[in-house]
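Order of writing sets the chain letters: A, B, C, D and E. Residues in each chain are counted from 1.
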Amino acid sequence: MSMILLIEQLLNGLQSGLMLFLMAAGLTLVFGVMGLINLAHGSLYMVGAFACAGVAAATGSFWLGLAASIAAAAAAGAIVEVAVIRRLYRRDHLDQVLATFALILIFSEGTRWLYGSFPLYLNVPEALSGSVTLPGGIRYSLFRLAIIGAGLAVAVGLFLLIGKTRIGVQVRAGEADREMIAALGVDIRRLYTLVFALGAALAGMAGALVGTIQSVQVGMGEPVLILAFVVIVIGGIGSIKGALIGALLVGLTDTMGRVLLPSVFELFMETSAATSVGAALASMAIYILMALVLIVKPGGLFGARA
Amino acid sequence: MSALLDVEDLHAAYGASQALFGVSLRIEEGQALALMGRNGMGKTTTIACITRMMAASGGRISFAGHDLARLPSHKAARLGLGLVPEGRRAFAGLTVRENLMAAARKGEWTIEKVCDLFPRLAERARQRAETLSGGEQQMLVIGRALMTNPKLLILDEATEGLAPVVRAEIWAAIRELKAQGQSILVVDKSLRELAAVADDCVVLERGRDVWHGPPEALSGELAQRYLGV
Amino acid sequence: MNRAQIVNAALALGLLGFGLVAWAMGETFLVTLATKVAILAIAGAGLNLVLGFGGLVSFGHAAYFGLGGYSAGILAHHALNYTPMFEWPFLFEGTTSMPVIWITAMVIGALAAALIGALSLRTTGVYFIMITLAFGQMIFYFAISWPAYGGEDGLPIYVRNGFPGLNTLDPVQFFGLTCAVLFAVLGLIAMLAHSRFGLALQAARQNRQRLMAVGIRPGGVLLVAFVISGAITALAGALYADLNRFVSPSMLSWHLSGELLVFLILGGTGRLFAPLAGAGLYITLEHLLGGVSDHWQFFFGLLLLGVVLFARGGVIGFLAGGKRHG
Amino acid sequence: MADPILDIRGLSKSFGALKATDDVSLDLRPGEIHALIGPNGAGKSTLIKQISGEIAPDAGEVVLRGRSLAGIDAAGRARMGMARSFQVSSVAPEFTVLQNVVLAAQGASGATFRFFRPVMRDAGLLQTARDCIAQAGLSGREAVPAAELAHGERRKLEIAMALALKPALFLLDEPMAGMGTEGATALGDLLDALRHRAPILLVEHDMDAVFRLSDRVSVLVYGRVIATGTPDEIRTDREVQRVYLGEEA
Amino acid sequence: EPVKVGMITTLSGGGASLGIDTRDGFMLAVEEAGNPELEVVIEDDQRKPEVAVQLSDELIQSEEVDILTGIVWSNLAMAVVPGAVRQGKFYLSTNAAPSQLAGKGCHENYFSVSYQNDNLHEAAGQYATDEGYGSMFIMAPNYPAGQDSLSGFKRFYEGEVASEVYTQLGQTDYAAEIAQIRDSDADALFFFLPGGMGISFMKQWAEAGIDMPVVGPAFSFSQDILPAIGEAAVGVKNTAQWSKDIDNEANAAFVAAFEEKYDRLPSLYAAQGYDTARLILSAMEKAEVSDADAFREAIRAAEFDSLRGKFSFGPNQHPVQDIYVREVISEDGTLTNKIAATAMTDRGDAYAEECKM
């Protein structure tokens, strides 16, 4: 493999990591900071993508679609929090698992009801289509660069929100002792609704952006859910920095695994078998990575809590 | 003039087991009331009802002219209740500074002022609360309650686990706060210290208020009977 | 009998009664459905031991379920196709005998659980959830891309394996056999829960620091529970393979791990009969709603949501009241 | 003088730049109550944790009855007779009082991997547990779940659990905190009686109790022992008065 | 005597569009025929093998169906078919036709009405050979169907394989693969990425702006997903045994009727469903289903007006048929396929010899 290709693949790995971070950002907030196990995160991602595709098709404007995706997911998030999640904070974590599992079914089937079973069309807007040439002659899709930008912006925003603002502090306090923070005069109920809606909005935005270069269809949120959890746990729950680094690690491991493992096996195997074995191992790579990280650091790379 | 806090015939239960069977108490503006009783008699439960962390099953609570009966606990707190809870309950994952920040509300108490009161906290500002020593945590939660600039400061065993010097300091601080006109509801086991701040005492026994009176009157045989001293 | 015991008895009799009545009425399929409930309840019971009693939320129990399934599938595959499984140190041609398959499945489940458990138990809480998921996913992807036993296409078992003295092809006999296993497993778990080991296990859920301070290492207790749990779930997997006469990687998928969790939570975590109540309710609803509307999953979701919100402590908690582990 | 049961030699532990304990040496002799006092954050709990094996010291060793405990974890040390109470009550909240104490008795018996006999019908364990509950003053509360106990009662439960361990020594971290005057007095009497069964290393801020009960007192400040002596010596020590006792003495 | 058909197909979850088209095509034929003797029970397998098995048990044991059909996916077919045919039921495949069931595992009660899984890939290989592509980059997901796909392609491709890449099942981001493709000096790309994977890949491929011909089996370019890919698909060559513009009366009528009834263009799956129903109806004309041997003969005769024009069964009861190369075009703003060439004529399959029937 040529040097330039290797560099390009490293870039792809970083890029896919940032894309993962964008997909995981909402979950970082809801799961990492509020301490709520929300399996329906992927559904909110899907809601965003469908809202974007629907509005973009109706109005012809991707940007209106993007706005709609944020609004729709935030609204869905707020409704879900008020109607369901709010009743579960005091309960066992496991009740949250069951409730949000039920929400997955409701969202998926509800979306199918509204939009039918066929995948929707959503494509890169005119302004961001095509590619640019990076130094070294690497051609890179403009839209992907936009996704990278969005991922970085969200990372910085979240870092400031959670680490530096009073709201962030209060949310984390609520995670530690909800009853106590309320007894200090903080309206933790409303705060949680807001933060949950914000997390949902981020999921929705990721759904729209990532859905644009992938496919928009019912069930698109499920793989995202697992990946997002993997990213957050590797980084350490509650740490935005951790989530970002976790995402980059996962992105790199996945991409480089796919690219390099088959060639590694080719050294001592016949090509066809090597590609297949290499690919098999590559698909396990991120889970192996996660297991290794947790065995060595049981609280994730930057985890505050165990 | 109506009292700052007026609790009448309070009843409360944990599930099926009743813990309060009619507790009444009043605190006037600027006064300090000591709530006393042996272990398990319902002091903490009474406080939980006042701060609306627990729903009373009967009786009336009014605070600063508001009926607390239907308010959620954050609204009750915003009326001016500042709680130092039993068992500390500092926000474990947050730093000292963040703990204080989380509770802050406008008023004369600021992080700086709290740190003046407890210099230890300034030294440990960036340490996570769960790794603080017990006494440091205790200082932190008192500071945290002050950060809300409360009309009524509620201290549930606030000097538990403090070194004598610090305890003396805290009592001095409490007396000072009192002198500045701060209203206080205090639960503590040290009669001597209580006597020095409290204007009034209420003794609980098995969820009932069995004795009201000034601290001086609670001595000898009475103290033996109600508190086992 | 207290209320919890009455509910438990009703559940046990309900399952048996349902199967037998269905059989008497010639509704063979409903017997099969009841068998499926019983098998999933066994798997759930395995999970319940670590989750309900030990407080370990394993999100990777499909691994043991699937390993049990593949044990049955592979042994039967070799026996049915007359291709020896290995020839050294002795010739082994696979088997279609359930007892042998069960033992194999349980040993393999236990070994896998010992390995995965030993590594995973270094972590706690959500990290434990995710590391168990990670191991589950590794096995899943391995199974998908390993061609020898069908990969993602899976492995059919053309004829259900046999049990001495029974005709397992007769649905009602297989049903009876499964119920017997289920009740034996539940009995075993009840006994474990009340033993010294069970006391330590439940203490480990509540307060590991305290357990250490009384001289008991939580790690060892939890690992033993994890191994027993893996063996039980693998046994269920072997039965499930026989029920479907088919194994595939979907038995190893995280959806299945999730479903087992859902059964337990639905039934009431930590209750002995939670897996039976949860699996029974889930399968029944799925079956009934499936016929009502194309969008049955929507209503199914609403129903599940209703249960979480309004029936605290799951179905059994709702019916029997009181605290868990009472 | 009898050989010490517990001998602590040069224990040091740092958290980052902070020396929580700094070359601490003390011992605990048969039949004595050795009180450990010091300002908040002086390192008392950290010292207890190093003795009980919850955290590993950076340097120094703990010797129990002449045997070094290096490499033995908290559970092992508990089985060798180190009974411990925690500064913040630590019990199994869903268990009843009786179950909690049975658990401790079971731990002491060393046999946990028994899968068949119901533990709550084990007459031996039950007998031990009931005795300990009575001694700690919790009789009548056996069937109450620990989560439902009032604060002071939970402290008593910790004492009962420590008793059930048939200990060689007690490490008690502020057992009187939150007990109430009456409870503290009663607990004091209990400790007074216990010392002859097993010596007690007592961390406590309740000076009445400390001076009434203890045979020796050590004062820990900023991780270092600044004074050890009889209660009277300590009470009158200028330095101790300044940094710890204040005007109370 | 009535014939009861049990249809197990995917109507919910990922991939439901394929099942829905299968069902709609099948039911269109049933309704057109209006034969009161034919009764159809439809069940949703959620794309889960164990659900499919359970449904087949239900259909066989409770509904007592005579014929099963409808499964979209190979792994589900492997779960259901061997058991069903051994219980004396007929299974007519509307889509999935894994190699195991075509070779050693063939069965007299099992028919594939669609193709053998390898067929479309083989045709793509043949087409690549015909086009004179000297070297090809080939790619598929790493699971049995993907592995079969690449070996099917290589069976008829005579050029050189520049690179062979297995992606992950369910992968959604192909930046790394696209970089590899760009870097290779292959003449053309062959890929098999069904469903959402294909949509994602094609969009990203279009964004990358690489100028290389693309060939694939019809699955990523079938009518159900073409709209989601958009203009990016235009010009791509894909292989199929059916196309909307195959010129015969039955096909024209079918396309019109389908569009009329469901307000969308039919896909490959709809056509396969339709043909399967027509095959069953034709057999019912000739034999009673209770006489299994006669009914089997009637099916094997395949005397119905296939949408494909000519259609017959080979010795392993898999189709012998022509396979076309289609090109994606934009027709009045709608994306669809048009036949560009015939890749193979009267193609059976590679496994027929292994079948001892």
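Here, contacts are C-beta pairs under 8 Å (C-beta built on N, C-alpha and C of every residue); 3 or more make two chains touch, one makes a residue touch a chain.
Note that the coordinates shown come from a computational prediction; the quantities given were computed from them, not determined experimentally.
Enquirer: If you walk from chain to touching chain, how few steps can bring you from chain A to chain C?
Expert: Minimal hop count between chain A and chain C: 1.
Enquirer: Which chains make contact with chain A and with chain D at once?
Expert: In this structure, the chains that contact chain D and also chain A are B, C.
Enquirer: Sort out for me whether A-E or C-E is joined by the greater number of C-beta contact pairs.
Expert: Looking at C-E and A-E side by side, A-E shows more C-beta contacts.
Enquirer: For chain B versus chain E, what separation do you get between their C-alpha means, in angstrom?
Expert: 74
Enquirer: Rounded to a whole Å, what is the gap between the Cα centroids of chain B and chain D?
Expert: Here the centre of chain D sits 29 Å away from the centre of chain B.
Enquirer: On a C-alpha centroid basis, what's the spacing between chain A and chain B, in Å?
Expert: 44
Enquirer: Could you pull out the residues of chain C that touch at least 2 other chains?
Expert: In chain C, the residues touching two or more other chains are 144-145, 147, 297.
Enquirer: Where in chain E do residues touch two or more other chains at once?
Expert: 11-12, 142, 147, 169
Enquirer: In chain D, which residues are in touch with two or more of the other chains?
Expert: none
Enquirer: Output every touching chain pair, sorted by label.
Expert: A-B, A-C, A-E, B-D, C-D, C-E
Enquirer: Could you pull out which chain C residues touch chain E in their complex?
Expert: 27-30, 32-33, 36, 144-145, 147, 150-154, 156, 158, 171, 240, 244-246, 248, 250-251, 255, 290, 294, 297
Enquirer: What part of chain C is in contact with chain D in the complex they form?
Expert: These residues of chain C touch chain D: 191-192, 194-200, 202-203, 206-207, 209-217, 220-221, 224, 323-325.
Enquirer: For chain D, which residues are in contact with chain C within the complex?
Expert: 52, 54, 73-76, 78-79, 84, 86, 90-95, 99, 102-104, 106-108, 110-120, 122, 145, 161, 164-165
Enquirer: Which residues of chain D touch chain B in the complex?
Expert: Of all residues in chain D, those touching chain B are 15, 37-42, 45, 87-88, 148-153, 174, 177-185, 205, 207, 243-249.
Enquirer: Name, in rising order, each residue of chain E that touches chain A in their complex.
Expert: Within the complex, chain E contacts chain A at residues 11-14, 16-17, 20, 142, 147, 150, 164-170, 172-173, 175-177, 179-180, 183, 196-197, 199-200, 203-204, 207-209, 224-225, 227-232.
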